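My structure is below; once you've seen it, I'll send some questions.
Chain lettering (A, B, C and D) follows the sequence in which the chains are written, and residue indices restart at 1 in each chain.
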Amino acid sequence: MQLKIQYYALMREQAGRSDETLDTAAATPAQLYQELAGRYGFTLSRDQLKVAVNSEFSDWSRPLATGDAVVFIPPVAGG
Amino acid sequence: MQLKIQYYALMREQAGRSDETLDTAAATPAQLYQELAGRYGFTLSRDQLKVAVNSEFSDWSRPLATGDAVVFIPPVAGG
Amino acid sequence: MQFRFTESPIDVGSARRELQTLSAGGYVSFEGWVRDLNDGQEVTRLEYEAFQELAVKEGDRIVTDAMRRFPIKHALCIHRVGSLGLGDMAVWVGVSSAHRGEAFDACRFIIDEVKHRVPIWKKEHYRNGDSGWVNCERCAAAPQHSHALHTHHEHQPHDHHTPEHLATTNPK
Amino acid sequence: MQFRFTESPIDVGSARRELQTLSAGGYVSFEGWVRDLNDGQEVTRLEYEAFQELAVKEGDRIVTDAMRRFPIKHALCIHRVGSLGLGDMAVWVGVSSAHRGEAFDACRFIIDEVKHRVPIWKKEHYRNGDSGWVNCERCAAAPQHSHALHTHHEHQPHDHHTPEHLATTNPK
């Protein structure tokens, strides 16, 4: 399954990229995060993040479909 | 005793003047207001007003001295 | 002077610059605008007048009090006097502080106290040709009901101005 | 759109004009300024970035929510992204309403929610050469203490975004 991932802020720096298109067997955002955290050594634990799929906040257990765009959201700090 | 009186807002309109210098026997702002209310028919009762003497808020029973400047202060409406 | 009057339109850009400091992370401002309806009456214009000598002292006391109550950096209030049309700005309050909560609290405190305590009056002119001094006309219409009407007014006796104030300001 | 991003300085004059209406008697604005000190560290500049596609939706939901909760006339929030220096304005919120109380409440509600919910991040650069993503670096330094550190963060799970949101926005 092909997914599009975008990275922001600390996670962009730790991944060394802003986005990528990935072939993965991860069925949910939770599984995808586990896979990517292993690859990039993300220091933020999953309970510190939110996740968005196709530009809307999502559940970690939502089933992913090919073509979905996934964004992990570190603690925000606007204003 | 000579006092200087200034009038504002509704009281200016009812007195028909902005200020005047008055010879009076009134010993306190309370007595002065009674005298002027009789002369000009002020519609505001004394408990709706504050009074200032020499540009500071004052007690109604403060003794007045010649040359004092007295201002009666109708309900305010700034902003 | 942290409280001022102006007879021309309030220059917000220049007033705001007086509050800027690199240690401030938040800025809150309030503007009072002349609106077209008050108490169900269609307003066409307003006239503001003030007992300026006392008003600037009382306004300064309010801002000084706000700076003592809230950990803010700067605060300023400018009130316009004269004839104002619909949409015109009658009053501006600005506050800067390290954190935003205090700026909100202080700004609200200042405008509440200014409306309550500072000797400024406004006369509304209505579309039907009538006019009236706000907070005064109903007193005038029915002075015998003044106590009942008082709940509708912002004018209340104050403990702030007991005679100890006079001790320092009265040369007598 | 009641929530917008800009890469250039926020034009307050033009934003404020969008809120003007003759039925509004009060206007409250908040500005967030880059200050020289945060958590005891001397800041020299900031970089803001946002997940804009989601951020504008979430920002719009906040302003819409404010208009539902408070009887206000208009509200708008503009957030800057990119590199900012000391004293620069990072965010602006403006609210107009008939009476001032609601404008204060709504303005504060909007900035609180924006800081809490909208996917925007800032990296602080310090005089000593260090830099860090605000609310992230301490998590990163000691992820095993993340629960204890959470009390220090503004980032909390939200009930706002349960899957019913997705039903309308996800074409799947």
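In this text, contacts are C-beta pairs under 8 Å (C-beta built on N, C-alpha and C of every residue); 3 or more make two chains touch, one makes a residue touch a chain.
Remember, it's a predicted structure, so these values are computed and weren't measured experimentally.
Without subunit C, the rest of the assembly breaks into the touching groups A, D | B.
The distance from the centre of subunit B to the centre of subunit D, with each centre set as the mean of the Cα atoms, comes to 52 Å. Averaged Cα coordinates give subunit B a centre that lies 22 Å from the centre of subunit C.
Centroid to centroid, with C-alpha atoms defining each point, subunit C and subunit D lie 30 Å apart. Annotation for subunit A: no residues touch two or more other chains. Annotation for subunit D: residues 32, 100, 111 touch two or more other chains.
The chain pairs satisfying the stated touch condition come to A-D, B-C, C-D. Taken together, the subunit B residues at the contact with subunit C in this complex read 6, 8-10, 43-45, 47-48, 50, 52-59, 62, 65, 71, 73-79. If you check the complex, the residues on subunit C that touch subunit D are 13, 20, 22-38, 86-87, 96, 98, 100, 103-104, 107-108, 111.
If you check the complex, the residues on subunit C that touch subunit B are 32, 48-51, 53-54, 57-58, 79, 90-91, 111, 114-123, 133-137, 139-140, 143, 146-147, 150, 153-155, 157-158, 160-163, 165-166, 169-172.
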